[in-house]
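Here the chain labels run A, B, C, D and E in written order, and each chain numbers its own residues starting at 1.
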Amino acid sequence: MVGPIYIIAIALGTAFSLGFFKNANRNISFSLMFLAMAFLTFISGQWLYAFLTQQQETIQIFTAGFKPPFSISLQMGFHEAVFLTMINSLGLLSAIYLFDHLREKGVNMMMVFMLLFMGLNVVVMTRDIFNLFVFLEISSIALVGLIILEKKQDAISSGFKYLIASGVISGILLIGIVATYYYSGSLYINDLISANLSLVKGGSVAVFLIMIAVILELKPFPANGWALDVYQSVNAGIGPIISGGIATASLFILYKLLPIGGDAWLLPIGITGVISFLGSNFLGIKQKSSNRILAYSSISQVGLLMIIMSLSTSLGDKFEFVFFSVLISQYLAKAGLFWIAGIINKDEIDDWNILKKSPGLIVLVGIFMFTLLGLPPFPAFYGKWELIMNLSQSGNFVWVGIILLGSLFEAIYLLRWFGKILIKQDNLEDLKIKFHKLIPVIFVSFAILLFSYLTAKWSGLIGIKYYIPFIIALLIFAFDFLPVFIKNIAAISTVAWYSYVLIYQTYIPENDILRIVFGSIFLIGAIIMLIPGFTFKGKRQGFYPLVILMFSGLAGLIEARTTFQFFFAWEIMTLASYLLIIRGKNAVKPSFNYILFSMAGAFTMFAGFGLAFAETGSISLNALADVLVYANWAYALIAIGFLVKIAAFGVHIWLPSSYAEADDDVTSMISAILIKSGVFGLIILMLSMSLKNAVSPNIPYVLGWIGAIGALIGNMMAIYQEDVKKLIAYSSIGIMGYILFALSMMSHMGWLTAFTYSIVHFLYKGLLFLAIAGVIYRTQTRNIYEMGGLIKRMPLSFISVLIGIITLAGMPPLAGFAGKWMFYNAVIMKGWYLQGAIVFFSGIVAFLYCFKLIHNIFLGPLKDNHRKLKEASIWWLIPQFILIIGIMVISVYPKIVVEPIGQYLSMYFPNDGLVWDGTTASTRLGYWDATKIMTVFAGMFGVLFIILYSMSRKTQLVEQFNIVFQGERPERPETTHYAHNMYAPYNKALGFLTAPFITSAWKFVYESIHSISDQVRKFYTGNGQTYAMHIIIYVVVFYLFINGGF
Amino acid sequence: MVKNSFIFLVLIGLAAILLNLFAGFNGSTELGTIAAHYASKGIEEVGSANLVTSVVVSYRGLDTLGEVTILFLSAAIIGFFLKVDNTDNKNRQLKYTSEILNTASQVLVPIMLLFGAYVFINGHLSPGGGFQGGAIIASGLVLMFIAQPKKEMGHKMINIVESVSGVSFVLLGVAGILFASGFLDNKILSLGKFGTLFSAGIIPIIYILVGLKVGSELTGIALSLKENQNEA
Amino acid sequence: MKILYVLFSFFIILNYGLLQTGFIRRITARVGKRIGVPFYQPYIDLVKNYAIRSQFSHGVMFYLGPVFRLSGGIGIFLFMPLIYGNEMFSNFSMSGDLILILYFMFIGMLGMALGAGEGGHPYSIIGITRGLSQFTTIEVPMTLAVISIAAQYQTLSISEIVAAQQGGFMNWTIMTNPLATAAAMLAFLGMIGYAPFNVVNAPQENPLGPPTEFHGTFLGMLQTNRVILHVIESILFMNLFFGGATNWLALIVKAFIIYFYAVFIGTVFPRFRIDQSIKWFLFIPTILGILAVIFIS
Amino acid sequence: MENITLQNISLAIGILVILIGLWGLLTQKNLIKIVIGFALFDTGIHIVMVSIGYIKNRTAPIIDSAVDMNNASNLVVDPIPQALVLTAIVIGLGITALMLSYVLKMYQKKKSLDITNYKDLKW
Amino acid sequence: MLSIILALFLGILILVLAVMAVQNKNIVVAIIAAGAVSLFASILYLVLAAPDVAMTEAAIGSGLSTIIFFYVLNKIKRQNG
C-alpha cells in the first residue's frame, strides 16, 4: 500500500512543480493536478478499503526519523481514512467541476486548489498540534485564494472579512497552543491528552483557547457572519469545498482535540451545536439567496454534528453510525446542491424554476434536499433516529425538542426552495449545462443512493424487504420513457401482487382484521384508483415511481412491527404524497403547507416515539403499551402526528388547497386512501396505549372535542366552497372529524363506527372524487357554478355522485346510515351528548353541500359551452362502478363487514358490542336491520314508481327553459342557474363559524417566525470588523459560560 | 463612541482571560522533557549547533515545509490577484529614482545578497537560517527594484527558482523515506563533523532550498504588490 | 299479512291527514275572517291532480323526485309504531329505531331537491336552499331533545320509549323531561313549516317554492306526502313526548292537538326571513336542548 | 519585586500589544489601519511565545564554545517556542501580504478605504 | 537586572509605538510605527536569548512587511491622483 506520507509528497511536489508549467498549455497543468488529486483519492481510498475489509491496524507515520513526541507524527486510522477519502474525493470531483474555471484562471489557482486539499489532509492526519495549526492556515489561505476565482466586488470584500476573522481565530489558537506547550511541555496531542491540563488553572484556560478556536473554525452561530458572506459570494464550485472539505476537516479537528478538553467539554460543545443548529436554521428561513441558504444549512448541520459529538459517550457504539450517517449525507447532498447552484448560476431561489427545463436535475435536487432533511430512505434518517432515541433515553428531552424544531425550520426553507423550482412560468430561458459540471453531481447522487443502502444495512433497523419498493420505483423510473399505458399496467400489477402477498397470504390466515381492513383500503384502493391513469396521454414522467413509493409506504405502515419501521414508512408515504401533490398545476404553495404540517406532525410523532423508547428501551410497536410514566406525553405527541394527517381541527388548513390543486386522480388517491393512514395510526396508538390506564382519559376526551369541532367546521366550510374539489376536501375534514370523535370514545361501538366510517368513507369519497374528476376532466373547470345540467350529458357520473352523496349524508338505506346509526348508539352509550349533538348537526350540514354538489353540477340548466360534452372516459367510470358495487354490498348486507370487525374489537372492548340476530343488528339501545330496510324501501319505491308511471304515461320531455318564469322565457342558462353563493342566508346567519381563525392563527405564527428571523439576522451587518467583534465576544461569553466568571 | 466603549469592555474581558491563562506565570526554570531531549541529544541526532535550526529543519521539518507552502500560496494568490496586465505595461510611466539611491543600491544589493546566502548556509551553526536569509535576499532584490525600476527581472525566473527549490525540498523529504527512516529524515547524508559547514546531514541543503524559496516567494509578493496592474 | 295491516293503517292515516288539512284550512280562514274552502277540498285537489293526463317532465330526476319524496314520507310512516302494545299497528318498526326515522326524513327532502333541481326553475332552488338551511338548524334542538330522551330512557327504540311513558300522565316525557319536550316542540314548528318558518314555500313571492315546476300527478304525490308527513310527524312527537297512543282515538286526538299547536302559532306570528329563523333555532330551542342534555347526564 | 522578571515583563508587553492590535483591528475604519492592527496582534503573539520559552539566566540555544555540549539542557533556553515563532512570523507575513493585496483590490473597485463601505453582503 | 531595565524600556517604547500605530491618523506614521514596534521587538528577542527570532523579526517584520505596506499605500495614492 502507498503510505499516507505520499499524500503530502505528491500534493506538494505537484503544486510546486506546477510552477514550471506557467506558460505551457493549461490542459497539461490541469491534467497534472487532476492526476495528483486522483492519486490522493486513491491513497486514502485504499486505506479506507483496508480498514473496512482487512482489519487494518491504525498506523503511525513518523517524520524526520524520530518518534513522537520529538518529531511530528501522522496517524492513519479508520476515522482518518474515512475523512480523508471524503475530502479527497470531494477534491477530485471539485476539480472536474471547476475544470473550465481552473483552466481559465491559470496555474496559480491550480496550485492553490491542490494545496487546499493537501492542507486538509495533513490537518486530518497530524498528531502534532502546532503542525495542525500550520496546515490549517494553509487551507484557510488557500481558501482565501479560491474565493477570488470570481473577481467580483462582493467576493473580494467577503474574502477580506474571512481573512480578518480567520486571522483572529488562528491568533487565538496560536496563543492557546503556546500556552498549552508551556503547561505540558509538549505539542504531541497524545501527550496533551494524558497531561490532564484542566487541573491547572492556566492549563484549563489554554485548553479553552484551543477548543474555542477549533469551535470557531466550525463557524458556530452567531459568530459566523464572515463565513456566510464567503459562502454566498464564492463560485459555486467552492461552496462544497468549504462545507464538505474544510468544515469536515474542522469537525475532525474537534473530534481529535476533544480528549484534551476531556468530558467537561462535551456539554459546552453540545450547547454550541444546539445554538448553531437552531439559530442557523431559524435565520435560514428568511433567506432568498441559494448559496446563503446552503450556507445556513451547512452551519446548522455542523451544529448537529457537534451535538452528536458531544453525545459520543452516551451514544456508545452507536456513535460512529450516527455521526457518519449524518456527516456523509450532509457532505454529499450539500456538495450536490452547491454544484447544481453553480450550473444554474442564479442566486435568487425565485429564479430556480429555470430547472423546469431539465427534469433530471430536479430529481437530483430533490434527492439532495431530502437527504439534507434526513427523510427516508436517505442515510441521515437512520442517524437522526438513533440520535433522538438516544437523547430521549438519556433524558435530554429539551434537546430533542430543539433538534426537531431546528429541523422543522430547515424544512421550511429547503422545501420552500424546492417548491420554487417547480413553479410554472412561461418564457424560461434555456439552461446551458456543461457536461463536466454534471459529472460530479451525478456521481454524488449515486453515492447517496449507495450510501443509503449501506446505512440501512448497517443500521439493522429494517429488513431487506423495505428496499423492494425502492427498487421497483427505480426500475419504473429507469423505464420512464415508456407510455403511460404500460407503466400503469406495471404499477397496477405490482400493487396487486403486493396486496395478494400481504393481505391474502399473510393477514387473512392470521385473521388480523385491523390489518386486513386497512390493507384492503390501502392496496385494493390503490388498484382501483390507479385505473383512471389509463386516460392520461404521453409519459407522465415521474408519476409512477412516486405512486409506487406512496403505496409502499402505506403498506409499510401495515407491516410495521417497530416504531422505526412505522416511522420510516410514514415518512416515505408523506414524502411521496407530497411529491405527487406538487405535480399539480398550481400546487406549489398548497403542497408546501402540506409537507410543512406533515413534517411538524412527523417530528412530534418522532419525539413521542423517543419518549416511549426512553421508558421501555424497545422500539417494538407493542412496547408502546408498556409506557407508563411518560404515557400522556408520548401519547399526545404521537397522536399529533396522526391528527395532522387526518387534518383534525386546528391542523387542517393544509388539506383543502392541497386536495384542490393536486392532479385529479392523485386527489382521489390521497383523499380516499392516504388520509386513512392517520386513522390507522391512531388505531394502532390507541390499541396499544389508551387501553392501558396509564394514559389520562382527558386526552381522548380532548381528542373527541377536536373531532367534533372539526366535523362541524369542515362541513360548514364545505358548503361555501365554489371550487368543487375544495368542497369535497372540506367534507373530508368533516368526515375525519367524525372518525376521530368515534375513535376517541374508546368504546366498542365507537370503534366499530370508526372502522365502518373508514371503509365507507373510502368508498364514497373515492367515488365522489373520481366522478367529479371525470367531470372536471371534461369541463375543464373546477368552479362549481360554471357547471350545471350535466345529468343530460354524463348520466353515469351523475349516478355515481348521487350514490356518493346519499352515502355521505348517511341516509338510509345506503351504507352511510350504518355509520350514523352506530354512531348514535355509541354517543349515547358513552354519554358524550353535547359533542355528539355537534357531530350530528354537522352531519346535517353535510346535507347542504351534498345537495350543492349534485345540483350545481348535474342539475339545473345546461351551459351553452357544455352542450356537446361526452360522458366521462370509461377509465374513470370503471373504478366508480367498482366502488358503487362495494357500497351496495355493504348497504344491503353490512353484516359481512361489520360482524368480523365487531368480533375483532371484542378482544379489546368486550362490553356493549353489537349483537347480530340474522340480519338485525342490535345494541342495548336500539336495533337496525339493513337488509329489511333496503327491502322495504325498494318495495315501496317500486310501487310508487309504478303508480306514477301508470298515471302519467303520456309524460313528455320538454326543452330547457320551458319553465314557468313569471311570464317570461329566459334565454341564458346562467340566469336561471341558482348556483353561485348558494347558501348566502346561511352564511349571513352562521358565517362567523367559518371565519378563518385557524388559518389566521397559523399565518400569524408563520409570519412572526419570519419577521423575527428577519430582525435577528440584522446583526450580521456585513462589516468585517463587526464579525471579528462577534468572534471575540463569543470567546468572552463562552469563557464566562464555562467558568462562570473570570 | 458607545460602540468603542463596548469594544473596550470586551477587550477587557479578553485581557482577563489572557491573565488567567498566565496566572502565576513566573517563567520556566527547567526545560521540558522534549526540549531537554533536544538540548542534550540534538547534536548527536541531528548534528546542528543551532538547536533552533535542528528543531525547525529536522524535528519539526514538516512545519517548515508547511510554512514555505504558506508563503508559496500567498505569492501564488497575490500573483494571480494582482495579475500584470501586459498591454498596460507598455504605457507605464516610470518614476525616476534619486541618484544616491541608485548608487547605493548598486553597492548594497550584492552585499545583501551575499549576506543572505551566508545566513542560510550557516543556519545550522549560527543564528539565522533559510527564512532570515531568504528575507534578506528578498529585501536586497526589492531594494534593487526600488532603485532601478526599469530593471526587468520577471516573475518567470522567480517562479523557476521557487519551483525548483520547492520540488527539491519535497524530493529530499521523499528521499528520507527511501534512504533513511522517514519523511524529511536528516540522516540520508552523514552528520559529518559537528561544527563544520558540511555537517548536520541535509540541514544545510534544506536551508539553502528554504532560503531560495523564501527569497523568491517574498520577492514575488513584493513584486506583485509593486507592479502596475490593470487599474480598472 | 303484515302488509295488509300496514296498508290499512296507511289508509287511516291518509284519510285522517286529508281531513285534518281541510279542517285546518277552514279554521285558519275563519280566523282570518274568510269563509275558506270546504273541509273536503284536499280530496278534490288530490283527485284533480292525479287525474290530469297531460304532463311535462324536465328529465329523469324530475320524474323520480316526487317518488323519492313520497317514499320518504311513507318510509317514516312504515317504520313508525302507531298504537302502543298493538302488534298489528306497529308497522315495520322492528327493523329500525328512532335514528332511522330521523334520517328517513332526509330521503324525501333529497328527492324533492333533486326533482326541483332538474326542473331548472330558479325559484325552486331558492326554495330548496332555504328549506335545507332551515332544516339543518331545526335538527339541532331536535337532536338534542332526542339525545336527551334516549339517554333518559336508555333506548332508541320508539316502542320502548312509549312503553316507558305508560301508566299515566305523570310518566309522559313532557312531565319527566320538560326541557327536551320544549326544545323538540319548538323544532316541531319548523318541521311542520307554518309561519314563522314558512319562507321555504313562500306562498306570496314565489309561486310555490320547491314544487314550482311540479304539476299533475307529480304535484299529487307531493301533496299526498305533505299530508302524510304532517300526521306522521305529529305521531312521532306524540310517541316521544306525550305517552304515545294505546288506541286510534287517542292517537287522533293527540296528533291533532300537536298539529294544531303548530297551526296556532303559525296563524299568530309573522314570518321570519331565513337567516332569522336559522339564528332563532340556534338560540332559544338550542339552549333548551342543551339544558335538557345537561340535566339528563 | 519577585514577580518582575524578564519573562513577566515581556509577557505583559506581548499581551498588551495583542490587545492594542485587536483594538486597532476592531475600531479603526481605515482598511490599512486594520491590517496594521492585525500585524500588531501577530507581533504581540510572537512576543508572548518567545517569552514563554525564556529561562532565566540561560543562553541562546546554540551549542558553541560557550555552551558545554554535555550539559546543554541546563544551559540553554527552550528552542521549541523559538522554532514555532519563526514559523509563525513567516505565516503572519503571508497573511499580512494577502490582506494588503485584498485592500488594494477593494480600493480599486470602490475607491474607498473605509470598511463600512464594504457591506455588499449581509444578513 | 540590567536586562530587566532594558526590557522595561523596550516595553514602554513598544507600547507607545503600538498605540501610535493604531491611533495615529497619518497612515505613513502608523506604518512606520508598526515597523518600529517590530524592530524593538526584535531587540527584545535578543534580550530573551532568541537571536534567530530576532533576525527574522528584523528582516521580515520591520523590513519586508513595512516595504509591502508602503508599496500598497503608494499604489493607492497613485490611483487616487
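Convention: contacts are C-beta pairs under 8 Å (C-beta built on N, C-alpha and C of every residue); 3 or more make two chains touch, one makes a residue touch a chain.
Worth saying up front: this structure is predicted, and the values here are computed from it rather than measured.
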Contacts shared by chain D with chain E include exactly B
Set A-B beside B-E; more C-beta pairs touch across A-B
Per mean C-alpha coordinates, the chain lying farthest from chain B is C
Rounded to the nearest Å, the gap between Cα centres of chain A and chain E is 59
Here the gap between chain B and chain E, centre to centre from mean Cα coordinates and rounded to Å, is 18
Rounded to the nearest Å, the gap between Cα centres of chain B and chain D is 16
So, in whole Å, the Cα centroid of chain A is separated from that of chain C by 54
Where chain E touches two or more other chains at once, the residues are 50-52, 56, 60, 64, 68, 72, 75, 79
Among all residues of chain B, those touching at least two other chains are 7, 11, 14, 18, 22, 25, 28, 32, 34-35, 38, 50, 52, 60, 63, 66-67, 70, 73-74, 77, 81, 127, 129, 131, 218, 221, 225, 231
So chain D residues touching two or more other chains come to 5-7, 18, 22-23, 26-27, 51-54, 60-62, 76, 80, 82, 84, 86-87, 89-91, 93-95, 97-98, 100-105, 108
In contact, pair by pair, are chains A-B, A-C, A-D, B-D, B-E, D-E
Residue set of chain A touching chain B in the complex reads 3, 5-6, 8-9, 12-13, 15-20, 22-23, 61-66, 69-72, 105-106, 108-109, 111-112, 115, 118-119, 122, 126, 128, 130-131, 134-135, 137-138, 141-142, 144-145, 148, 151, 175, 179, 181-182, 184-187, 201-202, 205-206, 208-209, 1029, 1032-1033, 1035-1036, 1039-1040, 1046
Listed in rising order, the residues of chain D that touch chain A in the complex are 18, 22, 25-27, 31, 34, 38, 41-42, 45, 48-49, 52, 80-81, 84, 87-88, 91, 94-95, 98-99, 102-103, 105-106, 109-110, 115-116, 118-123
So, in the complex, the side of chain A touching chain D is made of residues 130, 134, 137, 141, 144, 148, 151, 153-154, 156-161, 163-164, 167-168, 171, 174-175, 177-179, 181-182, 187, 225, 228-229, 232-233, 286, 1017-1018, 1020-1025, 1028-1029, 1032
Within their complex, chain D touches chain B through residues 3, 5-8, 11, 15, 18-19, 22-23, 26-27, 51-56, 60-64, 69-70, 72-76, 78-80, 82-84, 86-87, 89-91, 93-95, 97-98, 100-102, 104-105, 108
Contacts from chain B onto chain E in the complex sit at residues 50, 52-53, 119, 127-129, 131-132, 135-136, 138-139, 142, 218, 221-222, 225-226, 231
